[in-house]
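Would you mind keeping the following structure in view while I ask a few things?
We just call them A, B, C and D in the order they show up, numbering each chain from 1.
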Amino acid sequence: MQNFDYHKPNSVDEAVANMQASDDGKFLAGGMTMLPTMKQGLAAPEDLIDLHGIDGIAGVAEGADAIEIGAMTSHSVVASSALIQSDLPALAALAESIGDRQVRARGTLGGSISNNDPAADYPAALVALGATVKTNTREIPAEDFFVEMFETALAEDEIVTSVSFPLVEKAAYAKFPNPASRYAMVGVFVAKNADGVRVAVTGAGPSVFRASAMESALDGDFSSSALDGVAVSADDLNSDIHASPEYRAHLVGVMAKRAVDACG
Amino acid sequence: MKLEGTYIINASKEEVWKAMNDPAILQQAIPGCESLEKISDTQFTAVIKAKIGPVKASFTGEVNLENLNPPHSYTLTGEGKGGLAGFATGSADVSLNEHNDGTELIYLVDAQVGGKIAQIGSRLVGGAAKKLSDKFFSRFAAVINGEEENPE
Amino acid sequence: MPSISLTLNGRSVSGEVETKTLLVDYIRENQKLTGTHVGCDTSQCGSCVVHVDGKSVKSCTMLAVQVDGSEVTTIEGLATGEELHPMQEAFRQNHGLQCGFCTPGMVMSAVDLVAGNPDISETEIREGLEGNICRCTGYHNIVKSVQAGAKAMGG
Amino acid sequence: MPDTGTITSGGIGDAVQRKEDFRFLTGRGTYTDDINRMGQTYAVFVRSPHAHAKIRSVDTSAASQASGVVSILTGADMVADEVGSLICGWNVVDRHGEGHKAPPHPPLAHDTVKHVGDQVAVVIAETLSEAQAAAELVEVDYEVLAANVDTGSALSGPEIHPEAPSNLCYDWILGEEADVDKALANSAHVTELDIINNRLVPNPMEPRAAIGEYDMATGEYTCFSTSQNPHVLRLILCAFVLGIPETKLKVIAPDVGGGFGSKIFCYAEETTCVWASKKIGRPVKWTSTRSEAFLTDAHGRDHVSHVKLGLDANGKFTALKVETIANMGAYLSTFASSVPTYLYATLLAGQYTTPVIFCNTKAVFTNTVAVDAYRGAGRPEATFVVERIVETAARELGVDPAELRRKNFIQPDQFPYDTPVALTYDTGNYEASLDKAMGMIDYAGFPARRAKSEANGKKRGLGISAYIEACGIAPSAVVGSLGAGVGLWESAQVRFNATGSVSVFTGSHSHGQGHETAFAQLAATKLGIPFENVEVVHGDTSKVPMGMGTYGSRSLAVGGSAIDRACDKIIEKGKKVAAHLLEAAVEDIEFADGNFTVAGTDKSKAMEEIVFAAYVPHDYPEGVEPGMDETAFYDPGNFTYPAGTHIAEVEIDEATGVTEIVDWVAVDDFGNVINPMIVEGQVHGGIAQGVGQALLEGTVYDKDSGQLVTGSYMDYCMPRADDLPSFRVDMTTTACTHNPLGVKGCGEAGAIAAPAALINAITDATGAVTVEMPATPERVWRALQENN
């Protein structure tokens, strides 16, 4: 690991200014991916801009038909928030399934979605719930936010400040963890509201995606049996030593059914 | 690992072939390519900054064109050293066929990585390789087609 | 080099650190508290778990500069003199350790895990210790220890 | 079993709490990386990123200019200093009478690199981060060669050592092939099975570390090392690698955070630190990162076998034929050659009366890190072969697998029993363990439980593993005749201090096993003194007479017996002193409960009084030396043979293929038990590693590039608390007949028994003939697809 200039700005504007002044800067949120990467020597930013000192970008707030969660809110806070547990329990349960207890204490919502790891859990929730990502400059619908593997719509000097999750009638997340890393090997988030059903899949493909055939099937009949015979193609799914694309495709179907069942 | 893909390029086979041998176009197409210097008609040295999520590594190495069969096919080989990150080697068999909309480009990539990226990043290597080769060929097609594309 | 001040095991400490210094290296090398161990380099094994402001964290995945102003407790700060903390005592009574290398992290995680939950179930303990790897015990006696420790701590 | 929380007096059989726990629980243990020496420097190794390559050149010019660099040493420097090759200490002679091929294994490669992680140079600097930064600047120019990493096809792959044509290390046999073939041909039924024993990475939680230190004033070296056997390490370093007299090298293995075999061996890194410490005149410290550990710690297992079992019309086994390819990795590690031969083929009789057995082991080199002993070493592989083929035969014949086993068990009245594979089992009662285990798991109730699972969309399966192992590898004369380069005795010194406290010095080493407690219990009971008065000293070659270390579940059976013998000598001498003080004949002195008594009288002297008299010999028998300090070397007459039955019950989620272990019973016969709490803990840990092998842990090398794909905990799946159930553990006892304690050893049983129990349960649940280990959800799911 190499030394860097450590910045701990007090405001979003100051953080942005720190980034703009750097040739090679990185924002540091929970650091659960960034620090291990730096330890391995796979990244060596010149400036590390720690967002922990910024007021007002952490915490859970009730909005109009939505819950707004600050970007620097840790997974453990999301998991244990009484508000989220009562109004959007699927999201609290998802947060509780991330990493391990120590990772949840440090890792943040904003950090996770800005990284857009293809096996991260949150992207499925954002896409299925139709969340809006708020940054220091704009609001981005979740589906436009996640571009592809490790890529988001964020500019280099743009900071996620919060995510607004609309409340839905029913939602649930079913995750099949990678046995070693506990990242999602397949994670399916199902959300149902008046407009219809959205099914978002993480871990299985190069980036989060919506399973539209499943959505159509569930629009007609919101029950797990409606998904019988609705297969996801293995063609573009990930392949690694833990699971073949075929198995991942199969698991998407299983997890989707389990999520629907969990919606009650 | 092996990857394959097909692109339709809105240009004649000869035009595509010419581009396939043009270091300036190759440089534009190779993701993160900071420099591509010609040693001979078929040999180049390259500096590539690879950026996959939090990982940022600079690879230096060679790019060679082999098995030249103008204007039908060649093999593009490359190897790069990325210091602590490890190394990457690969070859791409590229062939061109005439097509109603111009030229059909078919590629078959065989790539390997070694060192730290192979040891700790195995779950991501396949996806990253696919992303980079898709990027390369789509940019290549875009450059020939004269489409606007901002190289990173 | 930035300067940091913190409370470490109840004692105020301060000094300069390099920005790249990980919390675990600060504890082991700068403060010479070698009870906190390093067992992996991908933030999974949990041998390095300490408490920062009362919460268990992996000290290999935090920078020393990030604990400026915080309260840090390591395994050395858990017992009162020669009197073991109830969780430490529970590990001893239930043979919850063999080689002892993962033990400090395991105990620190356990103390955080069971706080306020004296009747924690076996399943909750097993899931709650997901971030700590032990190669010796098969976890059987660790689970027993944590359950006993939770009771002894009284929540 | 006693409640493990009980605190009792600390005698033999008590579940006394461990002496070592206070320091571990309070963070006061002293592991090698916790030690820092004055003037210490830090070593970082430059390692090959390639599986197989020629080294064209090593350019250290930029690196040597880097900040803080003290020295950069390469393979050429080692050649110049005539540093020897890392050796294999067991010469296996093949079927043609030729010794195994042990190609050179230079601590720093100078010519070719043969696996990813092979060390090419060492950078020594003032700080660790300076050494790391400089190591990145060392430019090695490689000519990459084709890699050969697959066990099954290694013999036809690219050649790795000119000394080993076709990558064959040896082609070894045990038994008469013609007899076995004939018996198979005459059998009513022959069951055949292909069996893969997956490669494992040992992963003790403490990564290896070493400090080499040279004292110019005395010419002495000190090596602090995470070693399971400091004396053996000293012997190898002195006699074979560095050419230092043993008087000039002290090896200290302080608290060691687990070993499981992987810390037995003499490695390149500690060798280099010791060598370099003299070159630079300062202590040199190296601590492995986990990433390095994956690439350099010796791995375990890695067999590909084809197995045939013959049965007669009554279901009695007639013959067993096993053909195995065993992967040695790129170099022949310290005891690697013995693992798939003498520690494997000799156990193929299992608990059964199979009359003829033939085993052929072809050991092969590959471009992978060396493979050597890992918890169980050869015996888990043997048990897996035997218990998988027996289970498969039972299913093919449609007979109850428990009954088939029972029918073929060696009976209690047949001991001592000579197996056809060179061993003599001293004692055992296999049926007793099987019965107890079947009772515990409610074997009869399984069909009902299965039906209930089926109703819930789950497949349920039950798997038995009736294992046997040979522990405390011995006697020296026998292992010597089989090629071992060392004796396999153990030493102990029992030193009374004048005031009655006792130091017990043992050559076996504790790295989690609790010797400080169990050995103290042993000595305290034998000497009739309080447990608290006994301190056990181990791990320092300058304190302990000599020792062979800890592996193969030998510590208690061999090391403990040595302590027992040394205590006998103390008592014998004490009798002479007591006879003098009590004015009686030596023959009339009886010793019991810490008192020397004149037979038939109440005249008595306590041990403390006798010891005091020995150190303050004002009134002392003539011709008896003062002092009370005795040493014994114990060389056992035979192996010990722990055995037992483990039964696993699993439930498989049909939709995902996820296996859940719903119950586990283990009934083991370890002979007499010193501390049941520690024994139970050893069983739990062993089972967990066996479950890890069967369900979770797979080591994957990329077949094309030779890269280790499972090189971190992101991909190598270590068992966590939520992967495992609680275990139900019980025992039966037949005391070992040939050691003074009647003990057998318990450290490896779980790892030996567990894989077959689990795979038998999973194949039972899925209906598949075999499911490869690790039985990942995808593999199990596919097995379900193919069999339903």
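We adopt the following convention: a residue touches a chain if its C-beta (ideal position, glycine included) is under 8 Å from a C-beta of that chain, and two chains touch if they have at least 3 such contacts.
These figures come from a predicted structure and were not determined experimentally.
*Asks:* Across the interfaces A-D and A-C, which one involves more C-beta pairs in contact?
*Replies:* Per the contact counts, A-C leads.
*Asks:* Taking each chain's centre as its mean C-alpha position, how far apart are subunit A and subunit D in Å?
*Replies:* Measuring from centre to centre gives 44 Å for this pair.
*Asks:* Please tell me the distance, in whole Å, between the geometric centres of subunit A and subunit C computed from their C-alpha atoms.
*Replies:* 28
*Asks:* Can you check how far apart subunit B and subunit C are, centre to centre, with Cα atoms defining each centre and the answer in Å?
*Replies:* Using C-alpha averages as centres, the distance is 48 Å.
*Asks:* Going through subunit D residue by residue, note those that touch at least 2 other chains and give them in order.
*Replies:* Subunit D, residues with two or more chain partners: 129, 136, 291, 709-710, 712-715, 718.
*Asks:* By residue number and range, which residues of subunit B touch two or more other chains?
*Replies:* In subunit B, residues 83-84, 116, 120, 122-123 touch at least two other chains, as defined above.
*Asks:* Residues touching two or more other chains, restricted to subunit A: which are they?
*Replies:* Touching at least two other chains: 1-2, 40-41, 181, 241-242.
*Asks:* For this structure, enumerate the chain pairs that meet the touch criterion.
*Replies:* Those chain pairs satisfying the definition are A-B, A-C, A-D, B-D, C-D.
*Asks:* Mind listing the subunit A positions that touch subunit D in their complex?
*Replies:* Of all residues in subunit A, those touching subunit D are 1-2, 40-41, 176, 179-181, 241-244, 247, 250-251, 254.
*Asks:* Please output the residues of subunit B touching subunit D within their complex, sorted ascending.
*Replies:* 83-84, 86-87, 112-116, 118-120, 122-123
*Asks:* Where on subunit C is subunit A touching in the complex?
*Replies:* 2, 18-20, 22, 41-44, 46, 49, 55-58, 60-63, 65-66, 109, 112-113, 128, 130-132
*Asks:* Which residues, counting only subunit A, touch subunit C once they are in their complex?
*Replies:* Interface residues on the subunit A side: 1-6, 8, 31-32, 35-36, 38-40, 48, 50, 52, 76, 99-103, 105-106, 181-182.
*Asks:* Tell me, which parts of subunit D touch subunit B in their complex?
*Replies:* Listed in rising order, the residues are 49-50, 116, 136, 291, 294-295, 702, 704-705, 707-712, 714-715.
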